[in-house]
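Paired with chain B in one complex and with chain C in the other, chain A is shared by the two complexes that follow.
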Partner chain A sequence: MIKKFLYSQKVAPYVFVLPFIAVFAIFWAYPLASSVEMSFQHTMLGQEAEWIGFDNYTKLMSDGVFLKAVTNSVVYMALTLVILIPLPMLFAVLINNKFMWGREFFKSTFFFPALTSVVVAGTIFRLMFGEMEGSLINSFLGLFGIEPVKFLKGQVTGFVALLALASWRWIGVNMLYFLSGLKSIPDEYYEAASIDGASSFQKFTMITMPLLKPTTVYVVTISIYAGLAMFIESMMLWNGNNSPKNIGLTIVGYLYRQGIEKNDLGYAAAVGIVLLLIAMIINITQLIFTGTFKKED
Partner chain B sequence: MKKKWVIVMLVAALAVWLTGCGKSNSGGEKSVIDGGAGEGATELSYWTFVELHGQHFETMLKKWNEANPERQIKLNVTVMPYDDMHNKLLIAVQTGEGAPDIADIELGKFPNFLAGTPQLEPLNDVVEPYKDTIVPSRLDLYSKDGTNYGLPTHVGATVAFYNTEILEEAGVDYKEIVTWDDYKKAGIQVYEKTGKFMGTADTSATWQSGMMLAQQGSDFVDDSITPQVDSEQLIKGLNILKDLQASNVISTIAGGQPDTEEAYGEYNAGNYASAMMPLWFMSRFTNYMPDLAGKIAIAPLPVIEKGMPRSLGGGGTGTVVTKTAKDVQLAKDFLAFAKLSLDANVEIWNTLGFDPVNKEVWANKEVTHNPENKFVKYFQNNPFDVLNEMQDEIMLIKSTSASPTINNILCTIALNEIFEDGKDVAEALKSAQAQIVQELK
Partner chain C sequence: MKKHLVGKTLLFVFFTIICAIILVPFYAITIGAFKPGKELVRQGLNLSFDLSVMSFDNFAFLFTGDHAYFTWFFNSLLLTVVQVVFTLLVSATVAYGFSAYEFKGKNFLFICVLLIMMVPFEILLLPLYTLTFNLGMMNSYSAIILPGIANAATIFFFRQYLRGIPKEIIAAGRVDGANEYSIYIRLILPIMKPSFAAMAILNGMNSWNNILWPFMVISDAGKYTLPIGLKTLLTPYGNNYDLLIVGSFFSILPILALFLAFQKYFIDGMTAGAVKG
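Here is the complex of A and B:
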């Protein structure tokens, strides 16, 4: 009986996909469904939930701090796209160049930050960007006669620190994606272009960029998600979830503040659902415009 | 048949992998204190966010185990960072799983634990025998509807700490400072003569705001516990501070308030001449600012007008017994012994340098003026002389369900706008009030 079941051709495929389906259902679909339910409730851990309809959502709409968090997350996401797509692409092309020296050295050096813990890195960046004269960045600025800057207390300077941390950490990872994309472009295209007299710049814009498109779309998609979901970097940089004037507060940070710190899980669930919607809308629009959903002709 | 086993193994491996996800290390530093307990001792777990509190329990545990051979205890102490511990504890207590038997909860977070039906054990029966000797307002902080859920650690009377070395250099005598006007005059003199600031303008703590309110007999909330951070009194108080800032008497400090690592460094380097902090700040001086030994004097706070109360209780930690404790009665009895008995209060002063809640200790010169005590050695004058002088003037700022939100908005937004960006006090407080009302809806 068992033997018959195990060797059955009909059952086998289901057995193979079962782990994925199970993980998906338990860790994704179920939490998502219960978050949606919770967002319509006033929920406190361990106590009876109370159904309150759209109250959480109407409260969100007029919540200034939430708007601040959304703005921060979206701006952060946009700025990381501006930095973390072109730069890694450029570095990948440079490293992939035959005439480049020390390729392996640069590859591992750029990738190394991704292996460090965000917690440690965030703490070190906090000290580097400290407001005292003696902190690393300020003592460097001091060499040029610039007065100490209170980096983590201002909106713009705070974002400088946040983006410095993000760039330091993620340039190497994105670069690796682009490197693997570059490897799949056949050398013949470049040879043919050379014979036709194309310049290096033309080769880059006419061959490299279009053929890298699938990689770029992928990197953009995960960067949008990562940018909107950023939390630990900000938490570490400001040594907690409360930055002055909420300059470093992100959507997930606000979810954490409401759900964990203030024990209002229903409201936090509503924040999470809104985050999901924002991420989906931006990403689906992006994917439609880059033609990912189009059928191959 | 072999294949069958392979599949069984695979499924088992998957199951282990799935369940394994849930078992990450909960972190924190753990240590077991046995305090001379024998074989039959009950092991109780205790969470705290202050390492020093564990040391106090160690001393008291030894005494307990000697006095109660039949009910000996081993204490399993876990020290975690502040936010981390409170978040974990809140989840553990409310889900009824994984909570320790005994835990420290800081005053600012305490209301979160009292929301709804508190999942903490009432402590009234063990408090009763000590009730006459301890400062009652400190018990009220950790109570809800007459039921007490937490035992206090200290009074936390707020005082002024002056760096006399800087003051002498500027020719200022701190003993003559009575009102904020005097403080301002002294501060201007200090800034002109030494280029140093007299004090701090705090942006990440409400010690100063509370101090200004208490002097005027006001509070962050009104009698019906409605927030009123745009009250006349707070506007007046913060405007006094803002005027001090404009005259270079006080200035913002790295870290946002004196009780941060960055600020310890600034004080230790002698960049600020005074700090207005609760008395527990003494332990920060002895631990983190060794260079200032012998230079710090303690005095009552300056006031707006002479005759106003010169102090208030600031901060605090309530130690609780959770509903899921292994042996509730044992935990409660030990807790009362370790925090409320006269012995315990003497040790709280000796080990932690806090102003204990048992007033008998305040009057006991042998204990308070012990020349071997590290706090007596460090400071120029004895803190208990100051305490006793103003013991009827120690006011209280209410801790309510609105307090965490009020603190959060003031410390992240309003105080930064006022002291960092120069925004108008009334305006900043008005928008803070609107935000607080919105969040509490």
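Here is the complex of A and C:
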């Protein structure tokens, strides 16, 4: 009887998707809901929680360190977009050129950095951007007579190191995204444009850019999330969650500091909710602006 | 034609320069793996190929020294294999449910799949941490594997792939008297095989390199994975560069070898998300 029930075509689909329902409920919906709940509480691991209304949020708004973390994360996200959208797109278009020699070799090389873990890549960049005279970047600057720079002690130079790390790891992956987008553009469009006497630049702006839009929107969307949620990169470069004057502190870093290091779970949960709101607002604005919602009909 | 040759050469030179820059960090860590830790503390990583300070000492220490590197290495290997096998099987099954049937709540559930992809995982760190603590799952690999076992991106990819499989196969299976589950196991899973390679690579790479969540739930040194172990070599009181650099270098090798052997699947797996539904 039970067997017959489980084997029916009406019940089978639920059996198939059951693992997803379970994982979604236990490891996503419940934690998200309890995160919202915790953000209105004063709570510590293994202790009774106490309701405090919006106190965590009002405290956040006047918390200078938190505002510093938000600024860092937003600036980092914006700068990764500035670098990691146009450059990979340009590289993809160039490498896709039919006159290209050694295309496969270059594509593989571009992909290599994505194979390394943040821990390994962070270690390499930490030592390359070391403040010693002999470290890679400083010895390079030395060739031009520039004094050794203490990269990880200054705001701007620290961000240079962070962005170098991000660019190194993701430029190849983003280029591959654009390459797979380029594949879907029919050659006939370019041939027709050539007949009409369009220049290479015109072809790029009139055909390539508009038809790459779905890929671009996808890459922008994931880059916004990745940029706002960055944490381990900073932790590796500064060898821990404490950078001088918090120059490398990110929103997730602050969430970690409050929640894990100080065990102030309620306050940390509020940090997480603010991050979620920032991410949603920026991404929804971006998706409306690029017309992604409209296209569905 | 001459114009093309000039363009070709310029493009080639341009990409050679860019790729040389991309390879610099790899070159630096390769050289660094042959230098003593003292030298790295004094100089950082650089490009100087100075044979007077370089030796195989670090490699000798890596393979014979008194440290837990290979415990971490095999922990990572075990976790990666188990995680990939379970995640792929569970995600493929869920994707099949979504693609083969019409059922009440299907659209709502599929929106849930998309929702997971829309919220950064980091937001859930703390509630997941307390949940793991309350369930008594701290220090266990199941705390790492279970939350991602029905992986949204993987489900999404498999569902796209299943769209290309004709529904007639399922109907024919039913005519032959096969039940719903044996249709999936005997008829559909074998056809899905090619799509497993790309997802195995994507999930395997994420698992091998994963640090944030494992770092939070695993505190027992005997259970450290490679990224956690390597990270513990960096402490505020001083860094064990002798092992860190050679260990980092060595940790890239297996994944690089896999990449060179299965390049196509890496690229398919990484770009899977960008294929428009």
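Methods note: the second predicted complex is superposed on the first by the 290 of 297 C-alpha atoms of A that agree within 3 Å, B and C clash if a C-alpha of one lies under 4 Å from a C-alpha of the other, contacts with A are read in each partner's own complex, and residues count from 1 in each chain.
Rule of thumb we're sticking to: a contact is a pair of C-beta atoms (placed from the backbone, for glycine too) under 8 Å apart; a residue touches a chain by one contact, two chains touch by 3 or more.
Worth saying up front: this structure is predicted, and the values here are computed from it rather than measured.
Enquirer: For A:223, decide between first (touching chain B), second (touching chain C), both and neither.
Expert: Neither chain B nor chain C is touched by A:223.
Enquirer: Under the stated touch criterion, which partner chain does A:101 make contact with: chain B (first), chain C (second), both, or neither?
Expert: It touches chain C, and chain B stays clear.
Enquirer: So, does A:240 touch the first partner chain B, the second partner chain C, both, or neither?
Expert: both
Enquirer: Examine A:260 and indicate which partner it touches, taking first as chain B and second as chain C; both and neither are also allowed.
Expert: After superposing on A, A:260 lies in contact with both chain B and chain C.
Enquirer: With the two complexes superposed on chain A, say which partner A:128 touches: chain B (first), chain C (second), both, or neither.
Expert: The second partner, chain C, only.
Enquirer: Between chain B and chain C, point out the one touching more chain A residues.
Expert: C
Enquirer: On the A-aligned overlay, A:19 touches which partner chain: chain B = first, chain C = second, or both, or neither?
Expert: Once the two structures are laid over each other on A, A:19 reaches both partners.
Enquirer: First (chain B), second (chain C), both or neither: which does A:65 touch?
Expert: After superposition on chain A, A:65 lies in contact with chain B alone.
Enquirer: Pick one for A:276: touches chain B only (first), chain C only (second), both, or neither.
Expert: A:276 sits against chain C, while chain B stays out of touch.
Enquirer: Which partner does A:153 contact after superposing on A: first (chain B), second (chain C), both, neither?
Expert: A:153 contacts chain B only, not chain C.
Enquirer: Show me the chain A residues, by the header's touch rule, that chain B contacts in one structure and chain C contacts in the other.
Expert: 19, 22-23, 26, 45-46, 130, 132, 240, 260
Enquirer: Any idea which chain A residues touch chain C in the complex?
Expert: Touching chain C from chain A are residues 7-10, 12-17, 19-24, 26-28, 30-32, 34-35, 38, 45-46, 91, 94-95, 97, 99-102, 106-121, 123-125, 127-130, 132, 134-136, 138-139, 168, 171-173, 176-177, 179-181, 214-215, 218-219, 222, 225, 228-229, 231-232, 236, 239-240, 252, 255-256, 259-260, 265, 268-269, 272-273, 275-276, 279-280, 283.
Enquirer: Report the residues of chain A in contact with chain B in the complex, numbered from low to high.
Expert: Interface residues on the chain A side: 2-3, 6, 19, 22-23, 26, 44-47, 59, 62-65, 130-132, 150, 153, 240-246, 257, 260-263.
Enquirer: Please give the residue numbers of chain B that touch chain A in the complex, ascending.
Expert: Touching chain A from chain B are residues 3-4, 7, 14, 18, 83, 87, 90-91, 93-96, 112, 115-117, 119, 203-204, 254, 256, 262, 265-266, 404-405, 408, 411-413, 416-417, 420, 435, 438-439, 441.
Enquirer: Quick one: in the complex, what on chain C touches chain A?
Expert: Contact set of chain C toward chain A: 4, 7-8, 11-12, 14-15, 18-19, 22-26, 28-29, 32, 40, 42-48, 90, 93-94, 96-98, 100-101, 103, 106, 109, 112-113, 115-116, 118-131, 133, 146-147, 149-150, 155, 179-181, 184, 205, 208-209, 211-212, 216, 226-227, 230-231, 234, 236, 239, 244-245, 248, 251-252, 255-256, 259-260, 263, 266-267, 270-271, 273-276.
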